[in-house]
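Just below sit the structures, each encoded as structure tokens.
Shared between the two complexes below is chain A, which pairs with chain B and chain C, respectively.
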Partner chain A sequence: MLGEGILKGLAETAKNFAGSFVSAERLTTVEYPEQRIPTAENARVFPFLIYDGTDWEAGMRCVACQICEKECPPKCIYIEKSKDKKPDFVGKMQIYPAKFDIDVSVCMSCQICVEVCPFEAIKMDTEFELSTTDRFGGLLFDRKHLAKSNEYYHEIHPTEATEVDARLAEEKAKAEAKAKAATQAAAAKAGAPASGPAPGAAAPTAKAAEALPASKPAGGGE
Partner chain B sequence: MTSSATDFALSAARQEGWNRPPVIEPDGEGELLELAMGPHHPSTHGVFRMDVALDGERVVRLKPVFGYLHRNHEKIAENTSYLASMPYTDRLDYFCSLTNNWAYALAVEKLVGQAVPERAEYLRVILAELTRIQNHASSIGFLLQEMGASGTPLMYAFREREKILDLFETLTGSRMMCNYMRFGGCRVDASPAWLDATRKVVAGIPEFVDEFERFLRTNEILMARTQGMGILRPELAVNAGVTGPMLRASGVNYDIRKVDHYGIYDRFKFRVPLGDHWDIYDRYMVRMLEMRESIGILEQALKEIPGGPVMDPKAKIRGFRPKPGEAYGRIEAPKGELGFYLISDGSPNPYRYRVRPPSLINLTILEDMCLGHNVADVVLIFGSVDIVLGEVDR
Partner chain C sequence: MLEKADQLFILLRNWIVGFLPAGWQAAAGVVLGVIGIVAVFPGLFAITTVLERKGLGRMQNRIGPNRTGPFGILQPIADAIKSLTKEDIVPLNADAVVHFLAPVFLVVVVFMGFAVLPVGRNMVLVDMDASLLFYFAMGASTEVSIFMAGWSSRNKYSLLGAMRAVAQMISYEVPLLLSSVVVVMMTGSLSLVKIVEAQNQYTWGLPHWYIFTPWGCAAFVMYAIAATAETNRSPFDLPEGESELVAGYFTEYSGFKFALFFLGEYLGMLSISGLGTTLFLGGWSAPLAALNWVPSWIWFFSKVMLSIVVLIWVRGTLPRLRQDQLMNFAWKFVLPMTLLDLMVAALWRFLGDGWARWVVCSAILVIVYVAAGRAGMRGKHFGPRTYRYAE
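Take a look at the complex of A and B:
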């Protein structure tokens, strides 16, 4: 019969229409500004800079190595190195970014900066409501705007952040052990002619624990 | 070409008497009306222009005009590192970013002789087949949208696509611009929870395909407007370099998954649907059947996926400098053969980077398919080619 196919199709439409009242399968939309679907855990929108502790400037992990600036596909990162140095999370003196700007309007959320960063300093945010009325200044984020705490990172990417923390703690422990060994060696060298090895082993350990931030010359192995 | 090449019942719903063979006979009297369809025509899937010459309602000449969305993809890639081109490949065919990633990763892996871990290969197959399903579903939706079924089939297709995009978001972090594959594997591993969610979605797809078939397969309007329309003869299709569902709907058995066995496709059992009337209806049905075959591949892959790393530990991310040489990597993307041709001179940037886009090459025969048809049918024929302008213009 002519029109049979159309009627069969309309039966499907009717099923979907009636079904949308009872089954969530058939009604998949939400009213956006009021209702929100939670973002996926590893969603990525725009990068931010992580800092440890409470002071964003002192705790910033970035050491201005400029690898992300070089690797960024649309070249939206701009970094200026500092003249002076500040201690990083292990206590080693490092330069820091005097300027770190990212242009939101150019960034394409590809996550390559995160992948190439050797210091776990830049990560992806899940915040997507970035619109602003200021077309130029408002779309250029400086380092203060980009700085977010490690706690915030734990909040948005819990699994990933725990892995990163474990990796950093391992690194720190390694650096500490190295510094300790170096101070021990230095102390042993200095103390070897005067005293025996047994008391010398105990004293430098205590010394190393106190003088860890100042152990730059000894732990200087890059 | 005979229908015995396939054991698929492509023409089950075909009714005699519905076929309207195209008449190509411009009578030569009166003036031709020259019409520029596009670049802002709603049916052109973006910014594409067809310069059509009309005799009454019938098309006597058609010239596709490309280039409105040209973004300098190849030149940008020649000026950035190999890794930095990966997110740009997402933006070629933005419906299927994962297959674009795969084709590019395959070309670079060939260039440097990089092996890929087993689990990564399985993940690639799973993601590529999910991409194929969502691409075919939405392309059929768009085809019907252009036929005048405003909204309903497209929304049903998008509802299904949404589930697959949610999977992409959970795994790769982004719904469309996935940027997931790397040279020597994949960026992150899939969790068991993700694999379970995928199994659940895959189990639901056959129901959707069945519903879509009941919904449209025997629809009289659909049959009247697509059967016998836009015939592409197999000889012309082969000579013009047409690939993908377009070529298979013309009855030519050529699927790169079967021909090249790239990745691990030789392990999966699937059939290649072929058309035997070479028209729009066949292109529609070939896509429907390909979705069913993809479900089969997905089920096998999800059952067999092994454990292990997803990234070759020896693969380099920073300081990637291939030895001088050249490579061509190609895959069966949902729209046809997608290939990347790379020449390396030993520097961090490719010396030459060339994309072989299926959409552009499938479009070149548009005039041959459209001659003699009405303007309204040109929109349909164009829709059945299934293009994305991001890939045509690059």
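Take a look at the complex of A and C:
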């Protein structure tokens, strides 16, 4: 009969109306600032820079290779290389970014910088409450602002972080084995005919190991 | 005491007027009545907006506004401040005078309609003999304001929205009037006060409201449909269809002028619900003889608010119609039904007292309704949509 569907619909909305007072499961609304749902593990907002250990300057994984800067589609990354070097996670001396700025008002969260980074130094953050009253300076994040610890990375993307850690550990082990082999070879060479200068392969690592406690990159320019 | 509560506002008016010299008293009484109308109905409008937003939210399993004040009841105040402080933009090419006059005209005309509505016993601003006619004259004038808004904006969406609105309102004006004519036929008067008095009688404690007769019930349903279309409410909100027309005729309105349109629209809803209450639901009369002690104005306003709740409920349920469906429904279904209802009412009048007229009139209406529904739905495909080429 004509109008039957309307009555059915009215009954349905009435049921919804009454039901929303009775059962809380019906209401899908999350009242945001007070209530929150945990972000999904794959969530991504803007990139951040990872550092190992506790000192963000010393532990910064970024070696200022500028691949991300070149790949960034909207060109929101700005890197200035340092003049001096500091040891990276394996102990090899590397240059580091004296300046690493990301303009988050330009960033489009595409994650390409993360994909291209060969040093696992840049990752995507899940922090989304970034509103500020200053639309120029407030949205330009410098390297201090961007630096987040590896523990934080584990917190927000546990699976991915474990994978990355395993990969880095493997790399480190390989590098150490190589260094060890090199030192052994050098020792063997030194022990045999003539005592020439040590081959270059082992030298930086040895130097780096000595330099580690003293090396404090002069990054106070910001 | 109860007598005094019923006539509270009349006594209050007389008391205030008593302070003035005799020559001014009549004019002052009218001014006080106008102040009452201008204060009460926008207040109800504020309550309606909050009811609507919260109610619609609940119907869609949302919470609705709950930030301003306890449970969000201060939302209308926040809305008012927002619209008052917003920039008022007039398009460069717009006809500025007409653009300004349209919302003012709408609100004025809608307020004029309230002048003849009896909101309680003795509580009517102007008790004229042809008040129903006056009401419809004022109601029809809202179309002019809508067309003024659409035309003066010089915007294609505004104009399309206004064309749709005018086409829709003129189409539904006819069934609206014809369904009210039934009441006039029965009462023998165009005066809304007399119409309410005719319904304020009781048999076995039950009221003689027109909705409780077969012709009155049918007329009420037709009136409700036409009234929903008249006030551009969902499912007949084509003139403001956001998805196709931005906002219809008030696309180019912002700030306080937009608020005035909004006010006019909701006042129109309240006013047409008030008229429906007066014509079919007994106006200010109590639903049971035993409840006659409750002040009459409480009954009127509760009935109006109940109608508003039903309008909100319908809005939360039905999707928007298509333009051709809207017109077909008006001219091919609602109008013939109201014409039939006129004849049924005449039949009722001449069949005399007794049970026979109840059976005959109900049977005619139900049979025609079912048959018309069947005929209208014949050959139409209902159910999930099928796609021929895309899947």
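To be clear about the criterion, the second predicted complex is superposed on the first by the 186 of 222 C-alpha atoms of A that agree within 3 Å, B and C clash if a C-alpha of one lies under 4 Å from a C-alpha of the other, contacts with A are read in each partner's own complex, and residues count from 1 in each chain.
Going forward, a residue touches a chain if its C-beta (ideal position, glycine included) is under 8 Å from a C-beta of that chain, and two chains touch if they have at least 3 such contacts.
These numbers come from a predicted model, not from an experiment.
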Worksheet item: chain B versus chain C on the shared chain A, clash or fit?
Response: clash
Discussion item. Under the stated touch criterion, which partner chain does A:F21 make contact with: chain B (first), chain C (second), both, or neither?
Written reply: second
Worksheet, complete the sentence: Counting residues of chain A touched by each of chain B and chain C, the higher count belongs to B
Item to complete: Considering only touches as defined above, state whether A:G137 meets chain B (first), chain C (second), both or neither.
Response: neither
Worksheet item: Which holds for A:P38: it touches chain B only (first), chain C only (second), both, or neither?
Response: neither
Worksheet item: Who does A:G3 touch here: chain B (first), chain C (second), both, or neither?
Response: both
Practice prompt. In the overlay, answer first, second, both or neither for which of chain B and chain C A:C110 touches.
Written response: first
Response to the item:
Clashing with chain C: of 22-30, 40-48 or 184-192, the chain B stretch 40-48
Practice prompt. Mind sorting out which residues of chain A both chain B and chain C touch, each in its own complex?
Written response: 2-3, 6, 9, 12-13, 16, 26, 28
Response to the item:
Within the complex, chain A is touched by chain B residues 80-81, 83-88, 90, 152, 156, 159, 162, 166, 169-174, 177, 179, 187-188, 211, 214-223, 317-318
Response to the item:
In their shared complex, chain A is touched by residues of chain C numbered 55, 58-63, 313-314, 316-318, 369-370, 372-374, 376-377
Worksheet item: Where on chain A does chain C make contact in their complex?
Response: 1-3, 6, 9-10, 12-14, 16-17, 19-21, 26-29, 31
Worksheet item: Mind pulling up the chain A residues that touch chain B in the complex?
Response: 2-6, 8-9, 11-13, 16, 26, 28, 40-44, 67, 71-73, 108-112, 115-116, 124
